[in-house]
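Notes to accompany the following structure.
Chain naming follows the written order as A, B, C and D, and within any one chain the residues start at number 1.
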Amino acid sequence: MFPVKELKRSALISLWFAFLTFPILVVKVDPLERIVQWRWSNMFYIAIGSFVLSILAKVYMIRKERRDARKKETAATEPFAQRIIREPRFLYPLAIACLIFGVSFPFLFSVYQTNIMTTALMYVVLGLGLNIVVGVAGLLDLGYVAFYAVGAYSYALLNLHFDLGFWLVLPLGGLLAAFLGILLGFPVLRLRGDYLAIVTLGFGEIIRLILENWSEFSQGPSGIANIPRPGLFGIDISFGGGITYIYYLVLLLVIFTIFVVNRLQNSRLGRAWLALREDEIACQAMGIDKTKTKLIAFSLGAFWAGLVGVIFAAKTTFVNPASFTFLESAIILSIVVLGGMGSIVGVIIGALILILLPEYLRALSEYRMLAFGAVLVIMMVFKPNGIVSTVRRSYRFKGHAEIEGDSHE
Amino acid sequence: MDYFIELFFSGLTRGSIYALIALGYTMVYGIIGLINFAHGEIYMIGAFTAFIVATVLSIYGFPLLAIVVIAGVAAAVWSSAYGVTIERLAYRPLRQAPRLAPLISAIGMSIFLQNYVLLAQTSDFIRFPELIPEFAFMEPVAHIVGSSDMVILVTTAIVMIGLTCLIKYTKIGKAMRATAQDKTMAVLVGINVDRVISATFVIGSALAAIGGMLIASHIGQINFYIGFIAGIKAFTAAVLGGIGSIPGAVLGSMILGLTESFATGYVSSDYEDVFAFSLLVLILIFKPSGLLGKAEIQKV
Amino acid sequence: MNDAPVILSVEGLSKNFGGIQAIDSVDLDIRKGEIVALIGPNGAGKTTFFNCLTGIYTPSSGDVYLSNPESGKKTRLNGKKPNKITEIGMARTFQNIRLFPTMSALENVMIGRHCRTNALILGAIFRGPATRREEEGIVDSSYQLLKKVGLHKQVNEQARNLSYGAQRRLEIGRALATEPFLLLLDEPAAGMNPKETEALVALIRQICEEGHSILLIEHDMKLVMSLSDRIVVMDYGKKIAQGTPEEVRSNPAVIKAYLGEDVDA
Amino acid sequence: MQSGLTKKLLVAAVSLSFAMAIPVAGMAGDTIKLGVAGAQSGDLASYGLPTVKAAELVVAQYNAKGGINGKKVELLIEDDVCKPEVATNTATKLVTDGVHVVLGHICSGATKAALPIYKEAGVVVMSPSATAVDLTKSGDYSNFFRTIAPDDAQAEAMVNFAIGKIGAKKIAVIHDKGDYGKGLATIAKGMIEAGGKAEVTLFEGVTPGAVDYSAIVQKIRRSNADAVLFGGYHPEASKIVSMMKKKRMKIAFISDDGVKDDTFIKVAGDKAEGVYASGPNDNSTNPLAIAAIAAHKKAYGEDPGAFFENAYSAALALLNAIEKAGSTDQAAIIKALQTESVDTPVGNIHFDAQGDAVGVGFVMYQVQNGKYVVVK
């Protein structure tokens, strides 16, 4: 069933990889003892591995081509996930099931699982926040973590110096981050695409470096410890209870965020953001104030990062600048892109995958991050549009039942 | 005055290294419009390959000059091989994909390569052999400009001139320029775009590998993580100069290197990176396409 | 006709790009209710002229004034942002269609309503009665506009899936949604077949009768001659002639500019 | 088609819940669970992995003897990447898995974030490398111990040495902007200024990973310092030291425990010659240390990495305390740690009320002929 030509191709690929990985994977030297270690077995594994993988990839491609061909013959079918989201008949029960699952989670699983899930849900909110900026408004922001840091440090510092409580700082942290978003947005939002990306990256680094170096202000790299967990009407909660409590808090925030983002997307503002993403010139020509609309998106995204930042500080009870590196921004961005730009469901799935994956990959111990990197590449190569694409709302009008084009791709 | 000259040369050394890496960023960006986040890792792999080859050769008793040449060539060859493979695996399938997909793929590649070297070699820092000897004639000024600084500056200059000639006068250089300007047209006039893109990755990776070997020899140590920071800085430099522009990448790198050096010397090294990134933000506010980048005239 | 108020007045407008004079002191008045056509060979600077009027380019010298025919308020447009100019009451379409490709036809028109509506973040989140009414109004009026341009059967179709002619009509609908008193059309008939062009002429007439003034760039001379009240001819950035279709048709300068091209076609 | 979709949904839901449920299944059995937490991947992995190896060696040794009071010792190894937010997950995981004592975490920041969780769960924690002063002296963490001396003790040793032995009058204090390095440097700066015998001519941080340090080295020269006090780890130290040599500077370079590591000599090579570093008391003649290093070489084929001896000692101390206490109860273990002395590679130690090891002090070393030797 498999042509000889392909076998030959796979053999060539495996030779290439054997060559490619030769110095790094096979040779290990100790310059002091002057010993060279030749690990030929590694080359053998690589050769076999790449041979098998290339065959598998080829088989997959052939199958995919066949499937695509068949698809063209029959009517275009939507992907499975897409269909669920489009059909209220499936979406609502599914949403309710998810909600029930979410609410009962701490009862079903251990404290550790709850804690991990809390982290994942925090990233859901972060992803949804960044989604407004990147996915909806099309502004590539590589320094999103700066606003997250602002939120976290707002709570840590305001609590340290002025003894302000969690509930007071929660909105305050969000607002501070949003304010900073506006402050930064003014000068840089006229930059285009990748230039904006690098400036926001630089900005994120500047914030982190200031937190690291300005010790008088932020206590520097040693960070701020003993940040109180959020209180519940003055009741002191035990450790396990505390985790459950924060879990529900974050779950509430997730629901709130979904609600708000969903409403925003189908509003005058949301349409303006989408239009901005698709064509800036046409957008302006239609009377949309580019700067103002971008600023709103940017600061609104920042607001969410600030909120989650405050919760982060309260959950971890400790903040230091090491938590707010570029890698963090990259992961949040990956959540948005991997899930499907602009899609709420996509972002949720993306966050769950990317945050839970490394946790459950712990079994792989040192191969964990290797696998993580590989998964990112593979997911993008096979699903470049993300797991779920955006679904725009369709409108119906009385007396025009015969409206064409109700089905989206 | 001595102090100024010292800082100036230290800035130039830094700038040269940034330039060698930044060129790869800028060339790839110019051709396929992708921020190749894994480029810093190519630089790291170049340094590691040079380390391994140089050590093996020195154990087998080769003379220093042979070691330098062979290690340099090996680093360039393998880095290029990695560059081409990455392009083939992680970027080429995504050429028609939305703009951000290859970016995420690049970030994933970067994480993968870091951990690949970490697992295959070591998590620790290792000593890089001194491939650049201390020249006797440099001794009088050694406290200001070291031999390795000199070698780095000279090598970078030679490489820049070579690259400029390559792009200006050779067939592949012309094909690269054509592809960068208009990919569809390039296909129409019979340029094999895939091959041009591969060539870009080869050249960019080889430059990064040479940079990796030089800097590793200059500071005497490497580990799997060195590519990340150098990569970000070089990328910043490329954008500063106007991404896509080759002289821009060099200019941006030099300005960035000098800024960092003078910021450390006259203000505080605490904030050297803050200065670097602030400079970037400032320049982009006043020149939104970087120093030598072409200002895009919107076609409406 | 000639005593109708001037709504657009351009005085000595020039634009140069680093030494190249794209537009060279062009004057132009448009009165209420007029359909004016801007013609000229390729590269004459017509689209650049449009871009200067709509704020996408800033003119190098000269002035552009727009007067609201109702209130009579006169505004200088130089240096104003495109969105401000649209808000004042001048909207445009593009030579190479610039719709929002993945948004539906209806949503494209709804975007046009942006500058005539107000809801912001809080409105969107809480969706109070005022916002809901506004949103219903947007949907309703956008639907009516789609009907006007004949696209009411493709309400939910993504813009990129529409036919070429439909896309051009959608752009007109989108521009109308901003409630302009002056509409700028950049080659509205390009790429259309005769039947589509005919429908377009009817549509433009209808729009004009509803009180919008129109300035259009077009190469289809038949359309230009049958539709325009006045024609302005540009060549090498300069205005070389203007007048009624008959006057322009017999102007030797125009014939020279179009050398070899069949003006009467 | 509809029913097909519903079915698919159901299958997806079921398989999802299974997937989530699998990791929950805890390991049963009557063992003593020793958790090991620290950076095992990422840029700081080289500081965390030696601890894992130390724990593996100690546990293998205990289990070979038949365990503790008849119970086998089981290792639970968890990565925290030295990040506080990951450390809380790591700690929660260990607690959920029923850990009895924890060896870790590696970085002070991650330790601070994780400690409240262990404290609530009644788990004793012992770090081989977290030196932040407030970990013990703030009194916030009653369950925390360490086999390494805190930063202030170390800073004192460094400053006394610089002023007393070297006779430095002008000192440039440099750090790596990190948690450990900057903390240490700040304390040292305070001590120098309070002592009044010398002045701090320069106090600055270098950027780890920067491609070139010549500017900062020039600045040190310009400050006319007669000694450099460096707080941080060996990669930066070796870069600064080699740059100083290249710039023909001959002033004393005094650093800390993060540099008193054989890796430093390996990386810096002959440039390391003459560098001073503070480190735990000399254990090179300690038979336990010799045995531990030999065991490491035998098991892993290479020399141990950073904090190996401290980690080895911490593992011994923890298991010994459990053995002596005869239980895994927190209070009993703490009592045993404070009262029972134990022989370890870092000496015969027990712990004070705050959690610092008694018997672990600092002495100064110098690199001579490619080896660290104690400066008398």
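Here is the rule we use: a residue touches a chain if its C-beta (ideal position, glycine included) is under 8 Å from a C-beta of that chain, and two chains touch if they have at least 3 such contacts.
All of these numbers come straight from a predicted model, not from anything done at the bench.
Peer 1: Touching both chain B and chain C: give me those chains, sorted by label.
Peer 2: A
Peer 1: Name whichever of B-D and A-C has more C-beta pairs touching across its two chains.
Peer 2: A-C
Peer 1: Quick one: most central chain, C-alpha centroids?
Peer 2: Minimum centroid-to-centroid distance belongs to A.
Peer 1: Compute the distance, rounded to whole Å, between the mean C-alpha positions of chain A and chain C.
Peer 2: 42
Peer 1: Find the geometric centre of each of chain B and chain D from their Cα atoms only, then give the gap between the two centres in Å, rounded to an integer.
Peer 2: 35
Peer 1: Could you give the separation in Å between the centres of chain C and chain D, each centre being the mean of its C-alpha atoms?
Peer 2: It comes to 71 Å between the two C-alpha centres.
Peer 1: Can you work out the whole-Å distance between the CA centroids of chain A and chain B?
Peer 2: Chain centres of chain A and chain B, defined by C-alpha means, are spaced 29 Å apart.
Peer 1: Note the residues in chain A that touch 2 or more other chains, in rising order.
Peer 2: Where chain A meets two or more other chains at a single residue, that happens at 32, 213, 281, 366, 369.
Peer 1: Which residues does chain B have that touch at least 2 chains other than itself?
Peer 2: Residues 115, 118, 126-127, 270, 273, 298, 300 of chain B touch two or more partner chains.
Peer 1: Going by the touch rule set out above, which residues of chain C reach two or more other chains?
Peer 2: Counting only residues that touch two or more other chains, chain C contributes 56, 94, 98.
Peer 1: Which residues of chain A touch chain C once you look at their complex with the stated criterion?
Peer 2: Chain A residues touching chain C: 260, 263-264, 267-272, 274-275, 278-279, 281-290, 296, 300, 390, 392, 394-395, 397, 400, 402-406, 408-409.
Peer 1: For the complex, which residues does chain C have touching chain A?
Peer 2: Listed in rising order, the residues of chain C that touch chain A are 54-56, 81-83, 86-87, 91-92, 94, 98-104, 106-107, 110-117, 119-121, 123-125, 127, 131, 134-135, 138-139, 143, 152-158, 161, 174-175, 177-178.
Peer 1: Okay, in this complex, where on chain A does chain B touch?
Peer 2: 16, 19-25, 27-29, 31-32, 34-36, 42, 134, 140, 187-188, 190-195, 197-199, 201-203, 205-206, 209-210, 213, 281, 326, 330, 333-334, 337-338, 341, 366-367, 369-370, 372-377, 380-381, 384-385
Peer 1: Over in the complex, which chain D residues touch chain B? Could you list them?
Peer 2: The contact residues of chain D facing chain B are 41, 43, 45-46, 49, 177, 204-207, 209-216, 218-219, 221-222, 234-235, 238-239, 242-243, 246-249, 263, 266-269, 271, 305.
Peer 1: If you look only at chain B, which of its residues touch chain D in the complex?
Peer 2: Interface residues on the chain B side: 3, 6-7, 9-11, 13-14, 17-18, 115, 118, 122-127, 134, 142-143, 146, 148-149, 215, 218-221, 223, 225-226, 228-230, 233, 260-262, 264-265, 268-270, 272-273.
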